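We call the chains A, B, C and D, going by the order they appear; numbering starts again at 1 in every chain.
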Amino acid sequence: MCAVVGVINSSNASTYAYYALFAMQHRGQEASGISVSDGEKIRTIKAKGEVSQIFNGENLKNLNGSLAIGHNRYSTAGNSSLNDAQPIAATCILGDIALAHNGNLVNKEEIRNALIKDGAIFRTNMDTENVVHLIARSKKDSLKERFIESLSKCVGAYCFVLADINKLYVMRDRFGVRPLSLGRLKDGGYIVASETCAFDLIEAEFIRDVKPGEMLIFTQGKEEFESLQLFKEEPRICAFEYIYFARPDSIVEGKSVYEVRKKMGENLAKKFTHKADFVVPVPDSGVSAAIGFAQTLKLPLEMAIVRNHYVGRTFIEPTQELRNLKVKLKLNPMQPVLEGKEIVVIDDSIVRGTTSKKIISLLRAAGAKKIHLAIACPEIKFPDLYGIDTPTFEELISANKSTEEVREYCGADTLSFLSIEELVESIGTERAYSLISFDGDYFIKE
Amino acid sequence: MCAVVGVINSSNASTYAYYALFAMQHRGQEASGISVSDGEKIRTIKAKGEVSQIFNGENLKNLNGSLAIGHNRYSTAGNSSLNDAQPIAATCILGDIALAHNGNLVNKEEIRNALIKDGAIFRTNMDTENVVHLIARSKKDSLKERFIESLSKCVGAYCFVLADINKLYVMRDRFGVRPLSLGRLKDGGYIVASETCAFDLIEAEFIRDVKPGEMLIFTQGKEEFESLQLFKEEPRICAFEYIYFARPDSIVEGKSVYEVRKKMGENLAKKFTHKADFVVPVPDSGVSAAIGFAQTLKLPLEMAIVRNHYVGRTFIEPTQELRNLKVKLKLNPMQPVLEGKEIVVIDDSIVRGTTSKKIISLLRAAGAKKIHLAIACPEIKFPDLYGIDTPTFEELISANKSTEEVREYCGADTLSFLSIEELVESIGTERAYSLISFDGDYFIKE
Amino acid sequence: MCAVVGVINSSNASTYAYYALFAMQHRGQEASGISVSDGEKIRTIKAKGEVSQIFNGENLKNLNGSLAIGHNRYSTAGNSSLNDAQPIAATCILGDIALAHNGNLVNKEEIRNALIKDGAIFRTNMDTENVVHLIARSKKDSLKERFIESLSKCVGAYCFVLADINKLYVMRDRFGVRPLSLGRLKDGGYIVASETCAFDLIEAEFIRDVKPGEMLIFTQGKEEFESLQLFKEEPRICAFEYIYFARPDSIVEGKSVYEVRKKMGENLAKKFTHKADFVVPVPDSGVSAAIGFAQTLKLPLEMAIVRNHYVGRTFIEPTQELRNLKVKLKLNPMQPVLEGKEIVVIDDSIVRGTTSKKIISLLRAAGAKKIHLAIACPEIKFPDLYGIDTPTFEELISANKSTEEVREYCGADTLSFLSIEELVESIGTERAYSLISFDGDYFIKE
Amino acid sequence: MCAVVGVINSSNASTYAYYALFAMQHRGQEASGISVSDGEKIRTIKAKGEVSQIFNGENLKNLNGSLAIGHNRYSTAGNSSLNDAQPIAATCILGDIALAHNGNLVNKEEIRNALIKDGAIFRTNMDTENVVHLIARSKKDSLKERFIESLSKCVGAYCFVLADINKLYVMRDRFGVRPLSLGRLKDGGYIVASETCAFDLIEAEFIRDVKPGEMLIFTQGKEEFESLQLFKEEPRICAFEYIYFARPDSIVEGKSVYEVRKKMGENLAKKFTHKADFVVPVPDSGVSAAIGFAQTLKLPLEMAIVRNHYVGRTFIEPTQELRNLKVKLKLNPMQPVLEGKEIVVIDDSIVRGTTSKKIISLLRAAGAKKIHLAIACPEIKFPDLYGIDTPTFEELISANKSTEEVREYCGADTLSFLSIEELVESIGTERAYSLISFDGDYFIKE
């Protein structure tokens, strides 16, 4: 994951970008940044941490200009360097440019190695920097041609926002794997953002989604913008946007995420055959589906697991004695509610299985007599390679264990998943989706 | 509000205090601190900010010792100085001491002025410092006698934790207005904390509540502790602990806060006579009552307002155009769910009325056709003086307007509150409560 | 050592205090602070570090007001706490006050212990805080009476600057051990400062020295100031001000420090009977005396030891191999100049002897054939107790060794000191001096 | 200016580099950095500020490895970016490299523009980065060949230190404009540094100067090193190294800088025909020449201007009234010494003339009756382009005014300069020098 935003023709471009990034903080908390053009040069502020920690009235004031792009970076495992924050700004022969990116370029290693061999000096570990070097090295005259040429070499799922000092270029990959929407600011400017919840906060009006394979080019001071349909494929938005990534109040490709999640809960409920005293969501990820589930079966919903939202960055390592502490820092089940009850626990997914196992164990310790675990997505059997930081094949529990083995591992009395068909039915059958985590269909090919 | 914790006879005293403060972060985010005794001297680390920002593995390691006290400070308006963090540590003729406090001393100004007149030099604005000076100036021989003498001069609602280098003194006021519970750590030590949710996180076993008017004295290395019943009054715990302060998973005076809140929702529902499509809680404060309300009337519950938990400390002032931004930073209503619906909105309280007014306005903008606002507590007509930072009489909307006028101000179609009797019935009729915000009975007298 | 400054009736009081402290940085680099009154309250900024690190345009702007006091703290060994910076500000029954102090109270422990026994809570390790508590606890009506009463209890060598919101009180001890001068700012305000070099920087006009035993009281907006001669003793300024502390460009009690030091060099030269190729000062402390010495004997002066002024706070511990590194970080002798020469090395004093020993060793390694070490002060045989941080009796090399033994320890070919009489003759015979380090006459008695 | 250091075959490579940079702090205080190879990768720490502020025991410990290079950056006017600190580290196809540089590449703009045109992305404003890109883009196999090829494209005065993970490459330009010396560490390793004063501090043994046009290549673990004489020209070391840059205790090309400066003073004295009471150096830059001057004419030397070494980075803007404050922050003339005297003031150079004018004005205000200003270098009539940050032609006072006009501007009674011939005679007539500031002979041509 990650979030991108682009703003143009607004006297408060960086402030709008800031609020949009704040609204999309759930898509990435590792680092954030904003680049702004004042018509003469591009200035960038970026750092590790959350939006509200990085920016303040003072430094944001220094980012004046009517064209801005911004980025939230998702915490990816392992090899993140101190410099791994976006946008990436550079000065090339055409002047200042800045680029930000949500997604994953599947041929990134080949491109990077070829560029290094050709003398390019990298300062980050991010595939986004590939595109910056490709643009800088292109022999084409205009930034537009250079950007198009660079994209022609990059295979993957992506949404790019690219700025020079007076234009904003926006590009969504041919399959539209990651979402990207276009809106109109109250002051007349344009905004593109990964999620519509960003529009809500700043009262921007949703215009339409950027189309898969479409490039939009906005010019400072101009009402019209250019649209180029660079690729034409059957769109396949990532199903995980509905399952987990997007905020419930976002509208992804015309569908309310909250309503889709409730539908997933309904579909889970329809095939649920046990009896239960009530339904308990794992907060916050399982709440929407749990509501759909409970409504369908007319079972009571109980918030019997309480979530602590004050979770900080660094936690002191607990003593040996406190084995459950890591999960308990976030989640605390309520014994008075759970004691002696048969419950249905709803969560959004099982990845490694370790968290589910701990939650079940905590619920048992709190007295739950019978625990039916219902997961609002299918079994995850394949690593995603299109911009989600999923673990390797070896770590994915459902890639290695049968449903029954997973149930046993987690310690639940029963375990049910959505089928792929039920998932698709929940989102809507009128189009295709990226379902690689479930079916292994890696449809983006070099 | 505020939170206190005391730990003794544990090799990880400061780590347990740290986790307990983390679990009670909701009781105060302005400042935090921990004082620890290693048997020779007391060291203190305290600062502005949240627990997870202030403490880290390195500085916590420096707080080694088997006796610790800690404090979370609630953000109070106006006159907070840079030094206003607790515990307050001092060296008196008896050696190092440290004191922390949850509550409010109603005669603090008289005591402070008398102390200043007598030459005491204050370095904070906190009434807690009164007690430190009183202890330091007492002519009694022992800290126990000095503490008791000091308390005899202080009128108010309070929970104190006091440490010298090898004893922990715990004191709850005669009415037990603020909660305080005693528990046992897994390593055999004792812990006292404002809320039982602190015990859950560190898997401490709840022993009993500290009694109103009771002083407990723990000694390092000793299994037995001393209990002194210094005062004897009919207990009156603050009803607001159930309404708003405590975490839903805490057990306050033997009652599950979550269950009490659901009961409040039930009592609201029983007298609700309108029809509605579904129930919407204002998250997170209204969720428990909304569940009780919805279950009682068999209405669907919809999470139609989404809360953003990434709220930082400093926000850039929005432009004029973004009038609703301050509320929207936290709360976003979902138009696809609300469009054309009749809804019941449940919140925990109305204080000034400004937030409720904005929420109603946002819900209308999202398309809600009819809005019934139901508040899970009675009308707040009097300022609290016992440790809650409520506004003045002039600012309390229900102190100045009739229910109908409040409804009109907020813009709701109907408005209902719990009656005082329904509130008491929700908590339990077997004892008395502090209800001053509702009935103006200021029962603590000098 | 230490430096104090007081400014009144100036629209830039804190800025003048800042520059004065900067000019007197040599008197203390451990911590600095400024308190300023705007006529309503006193604000204080103080911290560890040098003046130019602590203050900047922004925080100094917040210190607006026409009355300011300031302090540089000298790095004293051992027990300095994080809070040990001055001025000490407090709010007492008379309102805000702030106090700063240069000197040493010889009965500080008795007073502090009595205050603690009486319930005073100390937050620093500085004897200055004694006086703040004594003022706060006095039963007298006015600050003037309280200050006088407090001073009557304190025995020692001191210069105090005390501010309330509209008055500046200045006090020099009865013997005038530490210097204190009064000047007039260009904008008409008054300034008192430990050294006249502070006046030079800000182009203030020297009026006169504050008299030993004199208290001056200045009032905001008033041209006249009050002078009270509280004590009457034969003045005895500390000879070390001339030998080492004061900047050469300061005028202490009417004498140019540079001229006095040159005179010391002359007196050393008059009794020097060896032959030498040239004179080498240990920079910067020995330069003035070396000039006097060289001029007297018509010997060339060579800057054959180079001083590096970029000495930072924390140095990485050198490896075993680099034994001379600590001295070499500051001082580097030049081999091309020294090779095969007979030289006279001039330094201001020998305290422990370790530095002199290393310098001699470095000079030998650089090729010096014969080294005559001449010290521009008498042998230090007694610890100072009046405000200088000299080592204990055991550590003072001249308290434990004969001149010949010291010479042998340092490795010089010859060693000469000023006699006490020569020292006095150098400064001027018309008055008495504090010579305790040389003669052990501890004339300040309780 | 600037300073470079390279260390190899030492278990404390970064510590030695640190001390060497500390000893050469006078060559640049804007920024510093060290890159170290542990045989697997190169790590770099660099920042704005002085060496002792940037490095501490902790971060230096992280720089373990037996090969290190380091750099002090001189504060250059105007266009310095936040990133302008060296060494510049990069990963190219050959692995990690790091480069640091003292000097100036006269064709830097052409190279940079050509590189940008060819797609190179620059992250600094430093010409050093040109060479990094040239190395990365070279098609040669080895780093040695790539470095040589890159140097063949760069015209200018330079000393480079280049590291890969196990080799240290050192290069001095064909004319040897900037100094560079080779030494041996006590632990057997090699060190190269801009000045020999770096060797003194760490007790390294001077071996020889690196020859103009020579490249040295050291390999980890190998005693022998390779020497390649890449260019062969008549050497012309920069005369300013003797006049101003180098520390007096350094030996530059076999000459003691202190002795050369004394000789300059002697040559000034020989033609001095006025009478004077004594000689006053402008500290610290004029001291060595003043000693030579005074000795020659048997005039007394007086340190009548005192220098304050506690000069911080940021100073609060003085009020209008304090016109002389900026110079006085550093220099304070002593009125008791100067009053009514005829003096010779010795300084090292006149660049813009503004400082000299202020010093003369301060000396007059301190009572000096007659002021002879003698400058220990010729009139500076041409901007340097070979690594010294001199002002433009327009700003150089001697480029625009006659000697008499400069005297009048400064306010001195007489003014004398060294002639170019006297300068050369002072340094030594056996070889040529870079004298461009005086004669405008820009001998480095593309």
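One rule holds for everything that comes next: a residue touches a chain if its C-beta (ideal position, glycine included) is under 8 Å from a C-beta of that chain, and two chains touch if they have at least 3 such contacts.
Here the structure is a predicted model, which means the values were calculated and not measured.
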Matching C-D on over half of contact pairs, by residue number: which of A-D, B-C or A-B?
-> A-B
Dist(centroid_CA(chain A), centroid_CA(chain C)) in Å evaluates to 63
Which whole number of Å gives the spacing of the CA centres of chain A and chain D?
-> 52
Chain touch graph shape: choose line, ring, star, complete or other and state it.
-> ring
Chain D contact footprint on chain A (complex, rising order) | 90-93, 116-123, 132-133, 136-138
Report the residues of chain C in contact with chain D in the complex, numbered from low to high.
-> 12, 15, 18-19, 22-23, 25-26, 29, 50-53, 55-57, 60, 186-187, 197, 200-203, 247-249, 251, 256, 258-259, 287-288, 291, 294-295, 298, 300-304, 306, 308-319, 321-322, 324-325, 328-329, 332-334, 336-337
